[in-house]
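Note that the chains take the letters A, B and C in the order they are written out, and that residue 1 is the start of every chain.
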Amino acid sequence: MRIGGDVMAEHRPPKIIVTKIGFDGHDRGSRVVAAYLRDAGMEVVYTPPWQEIAAVVKLATEEDADVIGVSSLATDHLLVPKLMAALRVAALDDVQVIVGGIVPPKDQRMLIAAGVARVFHPGASLEAIADTVRALAATRRTQLEGSI
Amino acid sequence: MNKPIVKPMARTEFEQGERRWQAAFDASPGARSDAANRSGIEVKPLYTPQDWSGERYLEALGFPGEYPNTRGIYPSMHRGRSWTQRQLIGLGVPEDYNARLKELLAHGATAVSLIPCNSVFRGYDADEVPEELLGTCGTVVNTVDDMERALADIPLEKISCALNDPSPFTLLALVLAVARRRGIAWTKITGTSNQSDCISHYVANHMFFRLALQGARRVLTDHIAFCNAQVPGWNPLSVVGQHMQQAGATPAESMAFTLASAIQYAEDCQARGMDPDHFLPRVTFFFDISVSFFEEIAKFRAARRLWARIARERFGAKDPKAWRFKFHAQSSGVDLTRQQPLNNIARVAVQAMAGIFGGLQSLHTDSYDEVVSVPTAEAARVAVATQNILREEAHLTDVIDPLGGSYYVETLTDQMQEKIESIIARIDAAGGMYKAVEQGLVQRMIGDSAFAAQQRIERGEQTVVGVNAYQTDEDPDAYAVLEYPQRERIAAQVTRLRAYKAQRSNAAAAKALDALARAAQGTENVMARVVEAAEAGATHGEICACLRRELGFGQPLAVV
Amino acid sequence: MNAPRTLAERIRGGDRRALARAITAVENESAEAASIRAALAAYIGHARVVGVTGPPGAGKSTLVNALVKELVARERRVAVIAVDPSSPITGGAVLGDRVRMGEMQGHDAVFIRSLASRGHLGGLSRTAAQVIDVLDAAGFDDVIVETVGAGQSEVEIAKVAPTRLVVCPPGLGDDVQAIKAGILEIADVFVVNKGDLPDAARTESELHAMLALRRDADHPPVLKTVATTGEGVAALADWLAARVQPGPRAASVAGANSGDAAALLERLIARDAYARHLGLEMVAAGEGTATVRMRVRPEHINFWNTCHGGAIFSLADTALGLACNSYGTVAALIDSHMTFSVAVKAGELLTARAEEVSRTRKLGVYRMEVRREDGVLVASLTGTVYRTGKPLPGEA
């Protein structure tokens, strides 16, 4: 039996949390995305809506997630900067955050400035989302390689 | 393409004509004979009396206002009285809402509809939540004073009120408290507890889901009993198909799930000893209208027929009023696009027409910019004007059920009915809607349909103009986006709430909340106590918190 | 200025991110996995490991939440591993068990990690046992492993959990058969959840009836719970507390035969008079690996008042002997090299961990590291063994 080595490396799927913070309760978008990412070979932690920011941070910590996907309708995206701040406080700066949903252009600029990697709008292709998640996960793992 | 197997010589002129047409059709360039609608029903290029003939008129259709109501629940339908133009509005603080409401009433809207802030939907007072989320999608109403301001100068005894107000129906309690203050008898209050259907919120659009499912079930039955007795002009039960369709259910699925839910609620009322002839007339429905024009019309006509039969045969109702399938419908926001938003005006017009031909009782038309942000005033005006144009320029109200007798529409109505019935049978087999949703069966079906639809769009099999066809390069910033409510106004609202809590009798409010808790623990009517609590000065958040403690916090099932 | 903390210190000190990252390395058998496992080896053996399995729809996650709540109320620190199946076709997975758990997810005393099965059959993932080790070493009092089990093949939980809880939904009716034979046999306790439903009493009696047909005298109890209200959960926690954990935790190496290897090595060390004489204790064992501990006693001390090198060599050699004989055939040390790094005082607790470097039909190479309680490397041994291929005496 060999020990160590990267025997499993290529079998290690990206790990993403698909969640909703704030009040909105529409989960069609997040469910369709979660199902697609699973079918694209990823490991998806799918949460119910109304997650507290502290809960999402704990989840990302324990699961060692590569990416957090926040699904937002209404104005819940206005809470995302708070999530970014909480991630920094928890030393989870390496975790990438993407946002999907209805986000007005002005708010999109604000989110990117706050550190969100990408914002997806209604009509975005699932394949594009999957590609983005894969790329972000790969970047994070390279960044963290060898460190605990 | 279905070529008939070699038949003997065509006997009749009809068959000859049909064959001639089929041959010419097949030879036509680009002629496709395979198409299916969203519910999966195959749609042929041509329908003839072979598909449906007028001989079936009396058995299948009947006359408007008569069992089985296929052509309409009233004898005169829109020719007698137009559908109610019930535009949903809700924004910011109560004064803003009041101003927008008066504007809409002046422009032809004929009823009140209140969408509360998301914080209210979630069961919280304004001082319990992050301020940036307040007042952005609806009106912040937490107290009797707030409701008083929201409905200032509105004659409650004359205007019908639709409140988006899920269990435990605090907004209705506040309205009744205001009515009491104004000296208006509750028997004069009319309207609907829009979206009082707890099952659909458990399954989809969870924002409305506040109490644990079985707790919400009990409160709903109490609410129906309370209203039937004390506010007889009020429709306490509004069963919702909209959320499930927006979550991805096909039109047939969403209608089936809705009817199955209505069956559960009616069974609960019957078990409580209520008389179907008494409570069924006060049941209303609320549906999405997709842009699949004919399918929606058939969906509504089939539902009317089905519901009449369910009411009469499954519940033994004898009063014709109890067989009526009354519904409000809203143009589907899911079909609207962010790309080329002005196209949405055309989509909404088509959806509205489908609803009108489908025989709705009240209609909300979406604003074209709904997908970009909360609608602007100008876009909201276009939405109302759309209805006015359909009624007064296109004269869609002149004829009752104008598509009745159409070979296609009647065939499709029958086919939709069959599909709906088979899904209801599946739910029955699972033990009814409550069991089916607790097991996740319904959620999985909806999820599968949603996924399939998304795949069709991504593969280009289903066209969405501006998204996967006819795209243009456009600047998304080009369309005006509603500014969020001013932070100062929201901050002032929160301050006002704190002041309210300080100056009311905390003892009276606490006592009423105690009584409410005890009612929840026992068998007293919870709704009666909710209203008493509102009148004693308890706030919306306090009432919700109390019932969540007693009956459980509502968590939907996470199913992928 | 404090010296930087070691990984073991960070993890045992409550650094949850370090813990999660260590789990990731071990889960994925990355380059760091071996050294992480070595660093934590000394701390394994204290946690109570409980397996929770049963058919879908039994309300396992809700029950685990209620049980965790009860354990936390009893001031225990609890870790939960939730194993979800990966799609055999796409390789992806929805890790949904933990989110169904409810409010205990947010508690500070609770750590939850999802693992996808990644094609591994048997109900766990390939490296689940090692992940359990990491959580054990991190200092959790309880490690609960939740996995779906309904078929005969999802019994791997038995290899990693000395205590197995099988959760049954009521209304199984004659589908008490639905819980297939394998699962029934591994259960140490049956829990009929949703005990307030009318069918619960019937399921309870059907289980009793089915158990009465079994030949073994030891009938596992059937408990009833209503996870949503907490009813019956205290009784379940009491039953767990009263239960004696059998032996040191086995199987810290993934591999289908780990359970068998561990059992074999327990028998071997029990017969080793010299090991007994020195006071050696085996704390982990599996195919090609073993971990052995020794407290340095007065009789091990040399004339420099430090631990005799021979004692340390014996400790490492015993680990080596167990590891290379774990395949059931005789393997004997023919050449070795020992390096001593640090002097060891009386009273210290030394842990030797043997890992297999390579193995052919005739030869095997093993590397042993002996560490102090604080993780410092005290000595290393590398040894070559000759594998005779003959069955072990006394084990034929």
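The rule we apply is simple: a contact is a pair of C-beta atoms (placed from the backbone, for glycine too) under 8 Å apart; a residue touches a chain by one contact, two chains touch by 3 or more.
On a predicted model such as this, the values are computed, not experimentally measured, just so you know.
Q: From the Cα centroids, identify the chain that ends up most central relative to all protein Cα atoms.
A: A
Q: When B-C is set beside A-C, which has more C-beta pairs in contact?
A: A-C
Q: Distance between subunit A and subunit C based on Cα centroids, please, to the nearest Å.
A: Measuring from centre to centre gives 32 Å for this pair.
Q: Using the average of all C-alpha atoms in each chain as its centre, how far is it in Å between subunit B and subunit C?
A: 54
Q: What parts of subunit C, by residue number, touch at least two of the other chains?
A: 94, 96, 99
Q: Residue numbers in subunit B touching 2 or more other chains?
A: 555, 558, 560, in rising order.
Q: Residue numbers in subunit A touching 2 or more other chains?
A: Residue numbers touching two or more other chains: 34-35, 38, 44, 46-48.
Q: Show me the residue ranges of subunit A that touch subunit C in the complex, using the header's touch definition.
A: Against subunit C, subunit A makes touches at 1, 3-9, 11-13, 34-35, 37-48, 52, 54-55, 58-59, 61-64, 90-92, 144, 146-148.
Q: With touch defined as at the start, can you tell me which subunit C residues reach subunit B in the complex?
A: 57, 94, 96, 99-100, 102
Q: Taking the complex as given, what residues does subunit B use to touch subunit A?
A: 118-119, 121-122, 129-130, 132-133, 136-137, 201, 204-209, 246-248, 334, 337-339, 371-373, 447, 450-451, 454, 458, 464, 467, 476-477, 481, 484, 555-560
Q: Taking the complex as given, what residues does subunit A use to touch subunit B?
A: 22-28, 31-32, 34-36, 38, 44, 46-50, 74-76, 78-79, 82, 102, 104-106, 121-123, 125-127
Q: Would you pull the subunit B residues touching subunit C in the complex into a rising list?
A: Touching subunit C: residues 439, 555, 558, 560 of subunit B.
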